[in-house]
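Read from first to last, the chains carry the letters A, B and C; within each, the first residue is number 1.
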Amino acid sequence: MKTFDWKEKLLTVLFWLAALAVVGILFSIIGYIVWKGIAVVNLDFILEAPSRAGREGGISIAIVGTVYLTAVSLAIATPLGVGTAIYLEEYARRRSKFAYLVNLTSETLAGVPSIVFGLFGFVFFVIFLGMGWSVLSGSLTLAIMLLPTITRTAQEAILAVPHEYRENSLALGASKWQTVSRIIIPSALPGIVTGIILSIGRAVGETAAVILTAGSSLGMPGGLFDPARTMSVHLYILATEGISLERAFGTAFLIVILVIVINYFANLSLYRLSHSRNNR
Amino acid sequence: MGRKIKIKTEDISVFYRDFQALFNINIEIEENKVTALIGPSGCGKSTFLRTINRLNELIEGTRTKGQVYLEDVPVYAKDINVVALRKKVGIVFQKPSVFPMTIYENVAYGPKIHGVKKKNLLNEIVERSLKAANLWDEVSSRLNSPAAQLSGGQQQRLVIARVLAVEPHVILMDEPASALDPVSTSKLEELISELKKKYTIVIVTHNMQQAARVSDYTGFFLNGYLVEFNRTSELFVNPRDKRTEDYITGRFG
Amino acid sequence: MLIDEAGGEMSRDYFAGNDADLVRRKLIEKIIEKLLMFSAGISILAIVLISLFIFAQGLPLISEIGIRSFLFSLDWSPSRGEFGIGAMFIGSLVVTFSALLWAVPLSLTVAIFMAEIAPAKIGEIMAGIVELLAGIPSVVYGFFGLIIIVPFIRNNLGGNGMSVLAGAFILGIMILPTIINISRDSIVAVPREYKESSLALGATYYQTISRVLVPAAKSGIITAIILGTGRAIGETMAVVMVTGNAAIIPENILFPVRTMTSNIVLEMGYAVGDHQAALFATGIVLFVFIVVLNLVINILKAVKRNENI
């Protein structure tokens, strides 16, 4: 009996150590990048354009590129993703072939590697549709990548809306769309927003697909058909071509901070969601 | 005689996939009266109630045969618009389900979806409906607070106000008091007797005393059949069918 | 205005929806439903277009040189027209397998910890940590690997540091969240009674975990590992930054290696003609890989459903 207790204790310690290792990995990565990067970042770094291929100056262009691509891709993916979720959960018949196919392809899309999206975006948007390396090509490619995340989170949020809401609204003579737009969507909003916020994180961090579709030009993107360089692409080029380690740290720092902020907000709206559910 | 029939059903049968829930129900429901439907759970009384505003259609795999006439209009005819039908036939469910909005917004929801935009007309409808549901005095000072804060009984009356706001002719009630405490229940029963002056009411209840107290007519359902339908006073005192007698004397269910 | 007439008579006309307002509303409803259906169709369209265009670009080359020599030939020399991705194919497998080797045991341990052992508060904090780990972009992981892990390997273990080992380490970190989250969910989903009845029979806590909970969550855990594998095979930026990218078969884990994904991102910028087609053909291999993994997961799900019935 005595030895058995001892074994159980040892196992417990092992489990805690494993968890600690994961925490340690995360904090050493974030800590190191923050420690090295914080010295580099100041207002000039954010506002100035890079010069000499990024050896000097700031990263304003990459910030603009990132914001531009993220905004456009979300503007495309959000209505499509939420629309898909509404269709699947509220309109489609449970066992319809079409709904099954949409769910299946959505799952498959979620697993396709980003480099494959990059190849597709390159041959379809950049070459076939003649959009060239541009904000638009990059955003459209990104939008397809974000679609599954937005769809799935919206589906879950819609599923969580109590069934009685639908019945009561329809029984009052509301049409399907009136019920969806006035009751279902407002009730599901926190979950939908979480999906959108998570997608922002994905869009900001994506590199492989963006480099093949939006290019890596160091000019300021003026319109949808101009090429652009995002912060992630900038970091990749600075680091692998040995241009400026210092500025790479600064860029990585900004990306990491952005990701932390995004995660904070995503959790906030998730918290609100579960909170309001408990209140019911 | 002055008796006016509001709802008439003709051989209503309801199927859920392979299961038949209702068998050829024929019933006539009089205007401005309360009709109670009683029976053990699973007897089809709620299913029948939901045929009147075609609510069973919301459940996939449900088929309805036969016809319901609402003031001589065949409800299951091909060209009938369900939205228009449900506007005329309101329903109150067992569990009060208020929308996650303010008290005011809950009541104004119906009129708004039916195209009322003028603010003062909406205010008027909200006030009138809340008064008719005997809720105005309790909530008039906090119309803009979340409806979820109300007590269960208040929520149920809010749901009734929400139904009244679309000006229905018929109000269906599906065990409206089963989730309420005795005080709220008696308030609700009081409200029902007031409402029947203006509306035709059909109420499903498992509580026989309640049926006896509030209704003018009672129908007894068993295993998907309408066993007996009569004036409440008759049915409870003088049941014609043995099964009705067994049920109201508490021998089963 | 509908309200005004509400007190009035109910006519057949009214119910038939001949009212102009009702007609308009019905039309709007139809249009909206079609729009929603269209947006749902985009996912299908996307998959069709992706397959179509990537296959159109890459398939002719594969059929020309034969699938076997494309996949297994070690001669990758685009300038001489030799397109064998054998080294990269093996490279991807080696790096992925090495990453799984350490990431799977750690992930499962942490998943069990979060689901069963940790106090609720700690479990929540861990969930946040794992979410954050999942949110960090691959290029940042690659950068961290390049700056910290590669020099560490160079100075302590030899070689130039850019290696299978560096790739396996970074890739392993990146698939932790996928495997942890899905296996934790499946452990949490095991009915409480299983656990309680095992404990009631006198089994210790850890016996219960290893003999009851983990076997019951088996299919979820396998799904988690498969999804982690998919993520690892497809990962590009982090790998390209730390593995040195030599198109050779590594003799040991300190050797550099080039994966299929790295090969695409490194050469796409200047590839033309058959060279470009070969890169697309590599994309086909990746795509097929992912589709097959997805298929396996769906079969697992179906099997699980049948077991439950």
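What we mean here is this: a contact is a pair of C-beta atoms (placed from the backbone, for glycine too) under 8 Å apart; a residue touches a chain by one contact, two chains touch by 3 or more.
Small disclaimer: the values here were computed from a predicted structure and weren't measured.
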#### Entry: Chain nearest the overall C-alpha centroid of the shown protein atoms
A
### Query
Where are there more C-beta contacts: A-B or A-C?
A-C
### Message
Taking the mean of the C-alpha atoms as each chain's centre, how many Å separate subunit B from subunit C?
### Response
51
### Task
Would you mind pulling out the distance in Å between where the CA atoms of subunit A average out and where those of subunit B do?
48
#### Entry: Where subunit A and subunit C are represented by their mean Cα positions, the distance between them in whole Å
15
### Task
Among the residues of subunit B, pick out those that touch two or more other chains and give their numbers.
83-85, 87, 114, 166
### Summary
For subunit C, residue numbers touching 2 or more other chains are 25
## Note on the structure
Each of the following residues of subunit A touches two or more other chains, namely 175
### Task
Going by the contact rule at the top, pick out the subunit B residues touching subunit A in the complex.
53, 55, 58, 60, 83-87, 90-91, 93, 95, 97, 99-100, 109-110, 113-114, 148, 159, 162-163, 166
### Query
Which residues, counting only subunit A, touch subunit B once they are in their complex?
93-94, 162, 164-175, 178, 182-183, 186-187, 276, 279-280
### Query
In the complex of these two chains, what residues of subunit C are touching subunit A?
25, 28-29, 32-33, 35-44, 46-47, 49-50, 53-54, 57, 106, 109-110, 112-114, 117-118, 122, 126, 128-133, 135-144, 146-148, 173, 176, 180, 204-206, 227, 230, 233-237, 240-241, 261, 264-265, 268, 279-280, 283, 286-287, 290-291, 293-294, 298
### Query
Which residues, counting only subunit B, touch subunit C once they are in their complex?
70-71, 73, 75, 77, 79-81, 83-85, 87-88, 111, 114-116, 121, 125, 166-167, 169
### List of subunit A residues in touch with subunit C within their complex
4, 7-8, 11-12, 14-16, 18-19, 21-23, 25-26, 29-30, 32-33, 79-81, 83-84, 86-88, 91-92, 98-99, 101-102, 104-109, 111-120, 122-124, 128, 144, 147-148, 151, 175-177, 198, 201, 204-208, 211-212, 232-233, 235-236, 239-240, 245, 248, 252, 255-256, 259-260, 262-263, 266-267
